[in-house]
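Shared between the two complexes below is subunit A, which has subunit B as its partner in the first and subunit C in the second.
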Partner chain A sequence: MNLLAFAGRRLAGAALLLVLLSAAVFAATAVLPGDAVSSVAGVDASTEQRAHVRAELGLDRPAAERYASWAAGAVRGDLGRGFVGERPVTDVLATRLPNSLLLAGLTLAVTAPLALSLGLWTGLRAGGTADRLVSTGAQALAAVPEFVVAALLTAVLAVWLGFFPRVSVVPLGGTPLDAPHALVLPILTLSTVGLAVATRLLRVCVADAAAAPYCEAARLNGVRGVRLAVRHILPNAAGPAVQALTLTTGALVGSSVVVENVFDYPGIGRELQLAVAARDVPMVQGIATALVAVMLAVLLLGDLCARLLGRREVNSR
Partner chain B sequence: MSKQFDRRAFLRRGAAGAAALAVGPGLLAACSTDESGSGRKGAGSSPRSGGTLRAAFVGGGASETLDFFNGPSVLDLVRARAWHGTLGNLDSSAPDGVRYGVLKGIDISHDLSSYTLHVRPGVRFTDGSELTAADILHSLSALAGKSTLPVYRLAAANFDLAHAKADGDLKVVLPTLRPIADGRMILCQGNFLVVKDGTKKFRKGMPSCGPFRLTEFTAGQGSAFERYDDHYDHVPLLDGLELRSIADSTARAGALTGGEIDFAHDLSPVTARTLAGEAKVELVPTRSPYLVGLSFQMNMGVKPFDDPRVRQAFKLAVDREAMVKTVFHGNAEIGNDLPAMGFPDYADGIPQRAHDPERARGLLKEAGADGMQIRLTTGPETPGMVEMATLFVEDLKKAGVKATVRELPAGQLYADFATYAALPLAGSYQIPIPALSTYQMSTAGGMPSAFGWKESATDALVAKARAESDPAEAKKLGTRAQRIRWEKGNQILPVFKPNLNAQAEGVAGIRDDLFEQFPGFSRASLA
Partner chain C sequence: MTAGSTPTRRARPIGRRTPRGRLPLVLLVMATLVVVLLALLGPLAVPHSPTALLGAPFQQPDAEFPLGTDALGRDVVSRVLAGGRTLVLTALAGTAAAGAVGLTAGVLAAMASRRLGDLLVRCVDALAVLPPLLVVLVLAAGFPGSTTVVVAAVALATAPFSTRVLRAAADTVLTSGYVEAARARGDTRRAVLRHDVLPNIAGPALTDAALRLVASLHLTATAGFLGLGRGGGTPDWGRMVSENAPGATLAVLPFLAPVLPLVLLSICVGLLADVVGRGTA
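After this line comes the complex of A and B, so read on.
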């Protein structure tokens, strides 16, 4: 019951935040210098043609009015049509967002267990040689831009060894799952970077739990190794650890634009980038709001999990 | 989020390095798993028929559309060229300078007030119906006439599309807005494609009369075609065609060397260079006139560019050869400060401007502008633009100008148009379209994109040249008008760059489809 109330409260908060953030995104597109007229009418359009196109796109109305009519549509599930190419925004979201979620999900499936093991291993030996080695390695890896990792992986795994295709050529009308081997390099790239960040976050959680008095007591009682990790450390580090992983996942969905470019993966990040460059307001607005919603949902799930784990911790003590 | 964007900017700049890393030619040659190389025929044998050619383009992401009248990306038009019949393409070796498509020919009335389009009899749509004047009329006036895309505006600026009429089944009469003799060049540039009368929605399965019929389309991913055996002109050798969207230049090159595609469109100069050592891949840059002009616009409304000596000094200061060599690794042509190089109405008789920093320095001193400060603004709108601007600023420094360069993020340069048109010095680019009609559309009469150029005498001269039916006289008048722009104009056009396309060894016939800027595959064949 308590949990339900908590979930309800958080859900209402997330909904409010979504509205606020969508308004913020709209304000950002309104403040951004320039509009979509040049991408639609061409650079050398005359002043009259520009005015005509601007009116046709509805850009001559005040920003507040445009936001109000967009929001009214959005509530009914109609996110409008893009200025460039005139495709419905929901169509674009429906084809691209699942691909991004798939990539993020698979990356998480690879990253989470690995990060957990590495985090436990280093956290329990905080300050030791192994910890210093892994932590420094993770720090260095986290600092390397994705495209460098992508280029290195491509050079070695695709060009040199020829294990995987260099570009994710997904069959026409299919999904990335129809060409699973094409998913490997994008996932590896994202995992490498995600793993580095998540390991460092988890290490801290584990080190904190390990330093707690009850752990010391357990250790003094002779509990060691895997048993110590699984029975005593993990349950107590799990709450913050889940939240650390959620943060990594949420960021993955939108931030994979680099990987999408390098491997030509059909995700949503690139669409957002294109839409921003073309000042395609409805598309930017729709995609950004959807990404915000995904991020909020993931955070909410993470909080719920952390809360569940926390309760067990309270009960068991 | 801001960190993310910084990283993207970094990515763009770093892409050069990454490209070199990813497509190391030595590595590739050693372990390519290309299968298309086996069973290749020797040069000189007749082209093979059959097979499916796979080509990759930048594409426009999920906003790609089958409605090419509203689709601004290159791929939208390439797809349409494969799918629909064309009025014609420019062909300097043909009698009218045009290779006609669904037309038999175009007659021009004596007073240049109207054009008569003669429909080629016996052209059939995929639904079996015959193409008539009504279809052409619908495509021209209802669809192209309402399009806001720049390519179709050129026609709307010259012809009264709303008052075009069908005369029987095989004739369309098209009135001009003012007397023009060069209308064939506008109508048959290659981008006027014909769909069936009444077409409103563009979808798979709609009747078409191009070399291929569309079988599959996913926006942002690609489209698939099969040969249309009843094609009016030249039944394709290929069984099928696949057009892919691969946004990143390195990824396109990677797909080509990896054997996943047979043709890669518009590679960046650096990527193209890394392919130079590849045995199974060949670079096929577009040829004149399908070259993109890279330009700098001096704003005559801003001092000291109101002084023609300053404008001339800036033109003399450019080291064009260095730009071609450094930025494009030799894969580009030197420009002569006039747009539309290679088109029939381009003034090729004007001498090439020299690189003369000494004289530039003298002219600036004479104008009292030595030591002037100027900021050149540009953006990464097409590969090479930013690098060109960086070199230009160095050239200007050598002529005694305190110049700096400012690079805007992708998309911003033209999006904020009012700011763009007020820039004192802007780096830009020109798509290949004919010289005089383009001048009338985007420069004459003090248009915002003219950057303060307002010379009614030159405007009149251009109009007169276009209204002259004697080709020799027209050429003379047109050259005179362009000479004025060359001497006093505010545009510097140091380099024309091709689209750096690349194809697998043995692929042939893509250039034979003309209009190379938007490659066509009706005459293409595989190895």
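After this line comes the complex of A and C, so read on.
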């Protein structure tokens, strides 16, 4: 079976990419001018104080050396401590990342079946009125920033109708599952955004499969409706469709950062934004690297699934 | 074959689609123009200072403040009018920068040797793995409070796709018969680039720029919402949403007022990009 070899090669590629991108993240945050000293020492610190803080944070060493020691720590599972509150970065990741994954998983569970049905429905009627309406709607919706969707949903569902809380307050020490109603608005927002992205991609996969000669033959043989969709279109659109869902999941990584901030959801995206606002460099590096790793893992998984489903061609952009 | 006789593939004019498709298109273009003009000229028409504290926080609408006051007691109308210019200009600058980077890298990758071109595209693909928002956040952590960084980050995050698309477009042109003929005749690379490649990838480049504008607007508004870019009390539609979100249950207008132009602008630009894409496809 050359699937193992394929998986191994992809894994090695992803690992190399992770190293390169973590170096890029490190360079962007640590090497660039205004370093973290002023944010830790305060703006009115004297020169000696600044030098002291600089040495204490280890910022007086050359950047390559700092990256090497950071990467060596990262391999052992130690991403250093944040400047603010001295919290170990791995602790923050361990407590916050599961919350974000929960949000993403639930969103995907809502989005995938809906997008698949919509994609099948429009893809089989490519060029028709229903297809044009849904495609145009998805196109328009995909252009709207996540926080705007969130704001509109909040105004209607939380402020005017009072169905759900405006912010996701999770009991101290609990998980978001302890307050399920707090999850509704974030999931609804993410699903709306994800649906807009996924429907368009899936529609193309289905339309491609439906235009293939064997599908024409099946239709001429009198196969129609659900049977045509399930027996003939789905198996052949499955590979590209998995890739489309992979891309959607990738897009959700970015979207969830925004949505978590809108609803004060205790996820990794919220921590990232707080760290950026506080110029907490080790925290930004750790969280950004973790997000890149998640992204690469999702892409890798998508590639493997698509490979298992028998199609390697990706017709995504 | 001279430059004049080069068979340039021209797109059908967008307005001359089906007669049914024309009216919505006109409306779309007009709506976009109205929002863009509101954003660009709004700062000249503010009734009050957009940054001065003029009343109590979340004051109800009255004759003086038609949309009430925001979380700090600033006039919402003035802030909405003043808050779009930076957003639109930043998004346009980001698109221009991404277009320039994408065009240069794409054409270079196509004109270079195959191996070098593949290597370049590999590097660009590696960048494309990063979620665009992550690029913006990480760069903003490096240089806080700078609009230029938002432009650079937007360009960096959206350029990889341009590079890929434009390289493919340039590749098609470069492998076509008339370029072979031009090369055989002894045309220099520069002449081929100027007379054959650039005119023929103008269409894909335009479509691509429209898509980049959508992404760029999306990212710029989000950067504003997350409080990146120029700091302080500078009005910004995205930031207004986050400023007034905590008080949404007290006063929903300051929270919704900046959302509406944002929705209109992003939907219009998104649909226009779709039309441009279909027109040149």
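The rule is simple: the second predicted complex is superposed on the first by the 301 of 317 C-alpha atoms of A that agree within 3 Å, B and C clash if a C-alpha of one lies under 4 Å from a C-alpha of the other, contacts with A are read in each partner's own complex, and residues count from 1 in each chain.
The definition used in the following text is that a residue touches a chain if its C-beta (ideal position, glycine included) is under 8 Å from a C-beta of that chain, and two chains touch if they have at least 3 such contacts.
Keep in mind it's a predicted model, so treat the numbers as computed, not measured.
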Side-by-side fit of subunit B and subunit C on subunit A, or clash: clash
Subunit B versus subunit C as contact partner of A:Ala155, first or second or both or neither: both
First, second, both or neither for A:Val257, with subunit B first and subunit C second: both
Contacts of A:Pro240 with subunit B and subunit C, given as first, second, both or neither: neither
Partner chain(s) touched by A:Val25 [first = subunit B, second = subunit C, both, neither]: second
Subunit B versus subunit C as contact partner of A:Gly194, first or second or both or neither: neither
If touched residues of subunit A are counted for subunit B and for subunit C, the larger one: B
Subunit B versus subunit C as contact partner of A:Gly80, first or second or both or neither: neither
Subunit B versus subunit C as contact partner of A:Val284, first or second or both or neither: second
Partner chain(s) touched by A:Gly267 [first = subunit B, second = subunit C, both, neither]: neither
Partner chain(s) touched by A:Pro145 [first = subunit B, second = subunit C, both, neither]: both
Contact residues common to both interfaces of subunit A (with subunit B and with subunit C): 33-34, 145-148, 151-152, 154-155, 158-160, 166, 254, 257-258, 261-262, 273, 275-277, 279
Residue ranges of subunit B in contact with subunit A within the complex: 4, 7-8, 10-11, 14-15, 18, 21-24, 27-28, 31, 33, 60-65, 67, 70-73, 76, 148-150, 153, 216, 218-224, 242, 244-248, 250-252, 254-255, 258, 260-261, 409-412, 414-417, 419-420, 428, 441-442, 447-449
Of subunit A, residues touching subunit C in the complex: 17, 20-21, 25, 28-29, 32-34, 136, 139-140, 142-148, 151-152, 154-155, 158-160, 166, 250-251, 253-254, 257-258, 261-262, 272-273, 275-277, 279, 281, 284, 288, 291-292, 295-296, 299, 317
Sites on subunit C touched by subunit A in the complex: 126, 129-134, 137-144, 161, 165, 214, 217-218, 221-222, 225-228, 238, 241-242, 245, 248-249, 252, 255-256, 259, 262-263, 266-267, 269-271, 273-274
Touching residues (chain side subunit A, partner subunit B) in the complex: 33-47, 49-50, 52-53, 56, 82, 84-87, 91-92, 95-96, 145-148, 150-152, 154-155, 158-162, 165-167, 169-170, 172-173, 254-255, 257-258, 261-264, 266, 270-271, 273-280, 283
